[in-house]
Amino acid sequence: MSAPAADLRSLRLEIEEFNAEYAAVLDAGRVADWPAFFSEDAVYRITGRENWDAKLPVGLVYCEGIGMLRDRALAIAKTTMFAPRYLLHQISNTRVLSVDPASVVSAEANYALFETLVDERTTLQQVGRYHDRFIREDGRLRLKERHCVYDSLIIDTALIYPV
Amino acid sequence: MSAPAADLRSLRLEIEEFNAEYAAVLDAGRVADWPAFFSEDAVYRITGRENWDAKLPVGLVYCEGIGMLRDRALAIAKTTMFAPRYLLHQISNTRVLSVDPASVVSAEANYALFETLVDERTTLQQVGRYHDRFIREDGRLRLKERHCVYDSLIIDTALIYPV
Amino acid sequence: MSAPAADLRSLRLEIEEFNAEYAAVLDAGRVADWPAFFSEDAVYRITGRENWDAKLPVGLVYCEGIGMLRDRALAIAKTTMFAPRYLLHQISNTRVLSVDPASVVSAEANYALFETLVDERTTLQQVGRYHDRFIREDGRLRLKERHCVYDSLIIDTALIYPV
Amino acid sequence: MPDSARTETPAASPALRWPSDGLSKIPDWVYTSPEIYEREVERIFHGRTWNFVALEAEIPEPGCFKRSFVGATPVIVARDLKGAVHVFENRCAHRGAELCRPALGKATELVCPYHQWTYDLAGNLTAVPFRRGIKNEGGMPREFRLEDHGLLKLNVTTRHGVVFASFARDMESFEDYIGPDVLKDFDVVFPGRPLKILGYYRNTVPANWKMYHENLKDPYHATLLHAFLVCFGLMVAGNRSAMIVDASGRHGTLASARPKEGPKVDADSKAQMRAFSDALKLEDRRFLEFVREFDSEWSVTMQTIWPNLIVQRELNTLGVRQIVPRGPNEYLMNWIMFGYEGDSDEMTRHRLRQGNLMGPSGFLGIEDNEAMRFVQQGMLKSESDGSVIMLGGAEEGTSYKMITEAGIRSLYRHYREVMGL
Amino acid sequence: MPDSARTETPAASPALRWPSDGLSKIPDWVYTSPEIYEREVERIFHGRTWNFVALEAEIPEPGCFKRSFVGATPVIVARDLKGAVHVFENRCAHRGAELCRPALGKATELVCPYHQWTYDLAGNLTAVPFRRGIKNEGGMPREFRLEDHGLLKLNVTTRHGVVFASFARDMESFEDYIGPDVLKDFDVVFPGRPLKILGYYRNTVPANWKMYHENLKDPYHATLLHAFLVCFGLMVAGNRSAMIVDASGRHGTLASARPKEGPKVDADSKAQMRAFSDALKLEDRRFLEFVREFDSEWSVTMQTIWPNLIVQRELNTLGVRQIVPRGPNEYLMNWIMFGYEGDSDEMTRHRLRQGNLMGPSGFLGIEDNEAMRFVQQGMLKSESDGSVIMLGGAEEGTSYKMITEAGIRSLYRHYREVMGL
Amino acid sequence: MPDSARTETPAASPALRWPSDGLSKIPDWVYTSPEIYEREVERIFHGRTWNFVALEAEIPEPGCFKRSFVGATPVIVARDLKGAVHVFENRCAHRGAELCRPALGKATELVCPYHQWTYDLAGNLTAVPFRRGIKNEGGMPREFRLEDHGLLKLNVTTRHGVVFASFARDMESFEDYIGPDVLKDFDVVFPGRPLKILGYYRNTVPANWKMYHENLKDPYHATLLHAFLVCFGLMVAGNRSAMIVDASGRHGTLASARPKEGPKVDADSKAQMRAFSDALKLEDRRFLEFVREFDSEWSVTMQTIWPNLIVQRELNTLGVRQIVPRGPNEYLMNWIMFGYEGDSDEMTRHRLRQGNLMGPSGFLGIEDNEAMRFVQQGMLKSESDGSVIMLGGAEEGTSYKMITEAGIRSLYRHYREVMGL
């Protein structure tokens, strides 16, 4: 970790702010605005911890490049049938792991995703960890990689929106 | 959003500290100390996301002015019958949305409220979002408005304490 | 609270970083690395809020001195039989309560601990509050005392790892 | 999913015999037995009753629809394009899917998501995709008639903007159903003025659904459980009050009148009420104000319209509550809070402020829900059995006493008859 | 925990009588009755069926083992030190502990944690600690024989790397069990090439387990429910397709062929499909590519191998799904996604990208799971009853029409026979 | 909520027939059947047994009370103003509310929150508010007598500060109930010295409640499951030990003695114990110290007092555990850890440090709870059935061997008699 401590703290706070905005967009159901948090060549994946630990590459969601992110956003918004629901993210335990010479920032954060269906109680959709690599474009952080690795291996029915 | 970035970050951190104190008072059951987080003319409301989204004004709790906040604190502390319980807040995803020319700060944060009754398991009482407007009095932040908008539309039995 | 506000904020942020590292070690199951977060004479205890409130000294886990911490880490890692599981901490609401003349920092934070067993849904193992006293050794914070006080009085089957 | 799969419930299974003490003792199994609950669904919620399903103000325009319940059965309440209100099961005639998902919506037709069978707003099946197959291969047989496969329709009635439904085809009118004594106070709240929806609360209570009716037929508890009422002078045991019961015994109005000059508590009543305290004072007195907007002698009426509706008029805060049973040990309560079209902003805010009394965070609502939870818990695992319903002796029907359980006895006379117990 | 504790299920309890409409109507209790579920465990999952338990690629080496299920019953699939595959109950012969806990592992023997009774990888009891006591005091009586106390072993078969187990001792071969028509497409996916495991998904659906079979024997829903397929040209109602059914009626292959020149939707079909829209376009077209790697006329085959396996070949994304029932109202689905050894990196990534179609976050998977949830919910509390299975008239068996429910009727002919209904 | 609502349990329903192998095989339904559980409530917890409810030290002063349980039935343990201890149901005589909510408290009377019926600390009804109505209108009929409507009182006994209760009126003395052999070690822990409460643990285990008794009548598991004991020399298979059983077979003491010179493990035992390792060492040896404060040959005694109490003396860490069953598949365990009044600070801390062995995070407690969970899971869905209880042959009663299941067989001889199985 080459960066001085003050920079790392500042990065941590910036990532927290990034994640808060990211979650606010998803929690509001504004899925069309979600790809804007990623760089052109981004990889986005949601996968269970059993796959992550065993280095199995599969993703519940597996997107290579912002085109696939936009396609998913489009499909969820326009073609996919599912019951209405509210989602809410709690993101915490943000950690900056390293900044490489090319200024790519590796970071992690824990998330809990709560889901509420009409006439039902709020449930814990999943808990997991973001394994991220950020780059900076025009002064703003963008995700070059986000692997959402969930502990909650058994999904209840369906995971509709990105995490 | 007129304020410079450094000020917004500092505000965000200050609001986090405000919310941590606020929650600590409630989690300790010190409901009599709760009105002190509000300004004289504060509005405090707890309402479901279905009402918020449809702009329906009802509140599960609906207080206009610190007198009503104090009356509620008094009633809960002195007259209301309910079973003993522990409460614990997790507040995260704090975002400063704007600072208006009169220095009123609009902010949001996500909360999860966990409840534990005697002889029962901890349950998720509700998850939701604070929609806040802060002012500064004597150098300290005070809530001019707090709308606690919960996703968990179906309340389990009763929501006793303020959120 | 003798320290100036800027120092307290910086301490708060430092403790958040400490706790994020602490949780990352536990969530990864690296229990052997856990004692390194404590000072030589540390006290570590996990106890229910009913005991804490009544000043009853018992601990579900009760360690005096880093030797006992290391012994527990060893026992859990090497001798104890239990089913495999994933754990994930969410730590929030961090508060610095005071810094005493000897620079011992009193702080608190809320935690939620999520547990996932093979073939089962994620459950809320417990929610609670860390009641901490930190000292600084070689420039780094170390726990002199950590009391994990949980609201979730009824443990489901067993609490295996430290909290 | 009816008949065959459910246990047949013959007139009275031997284990469920009512105790010989008549109406002065209610056995616990009335509140806890799954067999009794099944019979309640069959004979009460799916039987000869009018069940509240919606306020017309919730579906104001043609095409508006609402998910609702009759008993625990999901139904859709829809206003067709001509303005008529229909109620039908929320269950596709094809494979049974609960087709309507949003709580409220607006559409010109209802389409099942699975295979897009399409229904009009009266529940008639209007289209089956590829009914004739593709290039005349496959599809429905010629004898398949859309008319035979609509959604199951319920009988519907409305009264001054309140919508009721029934699985029974040959129901008496709503007015006959609730009777003149209870209708009178119903019409005070619903005089035909357009309503303005202020919002929703929803909560569950881990108790038997009948307990909620009993709570509101129990004037005895009001000044004992609800210290708030007493401490802040909203109600005292000496206030003029009534427990009005219809001829059948099932419906009721718990009414009380606030004296113009404010409450007077006599020394004897003070002694009986632990809650009484002269020391507590509200800072914000607006909360207690009563704007006398109703043509009624009562300042408070809480109406229990059997089997699933509560009409609340508590000073100026108005609402209805729909009871949705979820087995014997839990019910869901859907609250709709409202005012009237034309209310001033200040009047609306007055209703909202006074709303702090009711609902799952209301000063009274908290206590009632907690008390009912305690009762169900007390019954579920104890060795002793039964409730003692002796206040007011054997008196039944309308009573102007506060210290009586006459309304509860009246309800159970009716209940036992319908349930064959 | 069998026999005595469970309700005995005589030939047909009177309440569960099949309606007289034959196969055109399925009563709700088939999907909701606990009694029916118990009988399914006994006669289907623990009866004369081959149940999928693992891919050999999951336990590639001697000593590898996997936790799995036959019906809801936990079993262990293990490869012994000589390479043979065994399946036995995950239940210690001593006190009944579910002894194996990790999802996958490797060991030379299996040791129960409670008292360390030790089993070999074929499920034989090989050691009981202190069997002779300490200093000859205590321990097992002389007549105790290790051979009498092994784990309950199941009958095992494999086909080209896919492992099946049965509680029945005298099962026909797997090939006879599924029949030539279904075997053919099974062998397209599993031609004997070594598999490369890409990872796992797991999800529950709050619906009856049979609904999943029906969903994949229902070509009708594909172009109606799955707007994605239609909008982006993956499948249209006019594509060449088939619903292949084996002679017994229980297994099936839902197949469709993508025309080389891309989809053509005729005007009539467009009119029938609400989902159709010419306006939507995918940005990343790689997603839709089909690498023609299979020796088959079909570009998509979804196979339902009774009672617990789905084999998915959706363009180039491959997987198996194991159904684990959890009572009548829920099932668990374990997905194993794979490719073939020797796949290039780009081919693996192509499979992964296309994997976005399937699974609990797949564009199709989301919709199927939601639809099945809606159906179960619709059935659980309604007053009306039964599914209408009339598409394609009374036709049964293999069909090349899209608009037919022949495959569902075939399944229920078989089911009623086995279940004595 | 008794009698009529519950299934009547005739002598032995045909489905629940004990296998012919006598005590060497326990069928799974003993642990999983709801019918058996109901019968256990009736014949055991509500039958002729002494049930642990409190330590007197928890309610040291007049007016102190505690919520507790007899079986799953909520009771209140209260010390009246004269110092006598009473136990009565936590269920109001009026409408059945579970009236007492806090875990522990102090009061001069108990008031039901719903209508404020008031009880003294012996459970007698002392006041009904507005009993005579208001201005002589309403209220209770003249024939209503307070004496007829107290809380249901249980039979109470205490032994050296430990409080037991029984629904049976004509119980033998506690001393006769547990018999001299088990009483002896009970009195070692409770010699009449005042206790100092150190705190509480609470946990559930998803297993049948009898499993916990069996675990502590099973000396076989100690050195096999608990590697910690073995690795760190706390117990080895060769230690002097005993499984003491009372004459009835239901109570027991699992005892072992630590040799003064520390543990010696012979080579043969080492070979049998997988857990053994010479390499592990504790850093903090204080943990293993044994302060010889008791007048007993044993350094460890774990007592099972039928049906709901465990008395733990593990070196210097002391506690009782109350078993609260929650149906056949779960129980709640309430632990009270204590020392003696007059313990030095260091002695208290020694007890606390050694407390790391026990409880739901204890090195041993974790393993026992996990093992019991595995057993229940193993039984719930398997095809095979039954536990094998053959260690020590057919031996029953007190045994000084480690490798025996005699204590379990003794328990089931008693159990079958009481349960009519």
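Think of it as A, B, C, D, E and F in the order they're written, each chain with its own count starting at 1.
Assume contacts are C-beta pairs under 8 Å (C-beta built on N, C-alpha and C of every residue); 3 or more make two chains touch, one makes a residue touch a chain.
No experiment lies behind these values; they were computed from the predicted model shown.
Peer 1: Going by the contact rule set out at the top, which chains touch both chain A and chain E?
Peer 2: Neighbours common to chain A and chain E are C, D.
Peer 1: Which listed pair, C-E, A-E or B-F, reproduces B-D with over half its contact pairs identical?
Peer 2: Selected from C-E, A-E or B-F as the counterpart of B-D: A-E.
Peer 1: If you tally contacting C-beta pairs, which pair wins, C-E or D-E?
Peer 2: D-E
Peer 1: When the C-alpha atoms of chain A and chain D are each averaged to a single point, how far apart are the two points in Å?
Peer 2: Between these chains, centre-to-centre, one finds 44 Å.
Peer 1: Quick one: chain A and chain B, Cα centre-to-centre, how many Å?
Peer 2: Each chain reduced to its C-alpha mean, chain A and chain B end up 27 Å apart.
Peer 1: For chain C and chain F, what's the span in angstrom between their mean Cα positions?
Peer 2: 31
Peer 1: Where in chain C do residues touch at least two different other chains?
Peer 2: Within chain C, the residues that touch at least two other chains are 13, 81, 83, 90, 92, 112, 118-119, 124, 153-154, 156.
Peer 1: Could you pull out the residues of chain D that touch at least 2 other chains?
Peer 2: 101, 103, 113, 225, 332, 367, 370-371, 374
Peer 1: Just spell out which pairs of chains touch, all of them.
Peer 2: Every pair of chains meeting the touch criterion: A-B, A-C, A-D, A-E, B-C, B-D, B-F, C-E, C-F, D-E, D-F, E-F.
Peer 1: Give every residue of chain D touching chain E within the complex, in rising order.
Peer 2: Residues 1-8, 46, 72-74, 89-99, 101, 111, 113-116, 129-130, 133-134, 137-141, 144, 149, 152, 167 of chain D touch chain E in their complex.
Peer 1: So in the complex, the part of chain B that touches chain C is made up of which residues?
Peer 2: 13, 17, 19-21, 23-24, 27, 86-92, 112, 114, 116, 118-122, 124
Peer 1: Enumerate the contact residues on chain E facing chain C in the complex.
Peer 2: Chain E residues touching chain C: 67, 101-103, 113, 332.
Peer 1: Where on chain B is chain F touching in the complex?
Peer 2: 81, 83-84, 118-119
Peer 1: Would you tell me which residues of chain D are touching chain F in their complex?
Peer 2: So the residues of chain D touching chain F come out as 15-17, 27-29, 32-33, 220-221, 224-225, 237-238, 268-269, 272-274, 367, 370-371, 374-375, 377-388, 390-394, 399, 401-404.
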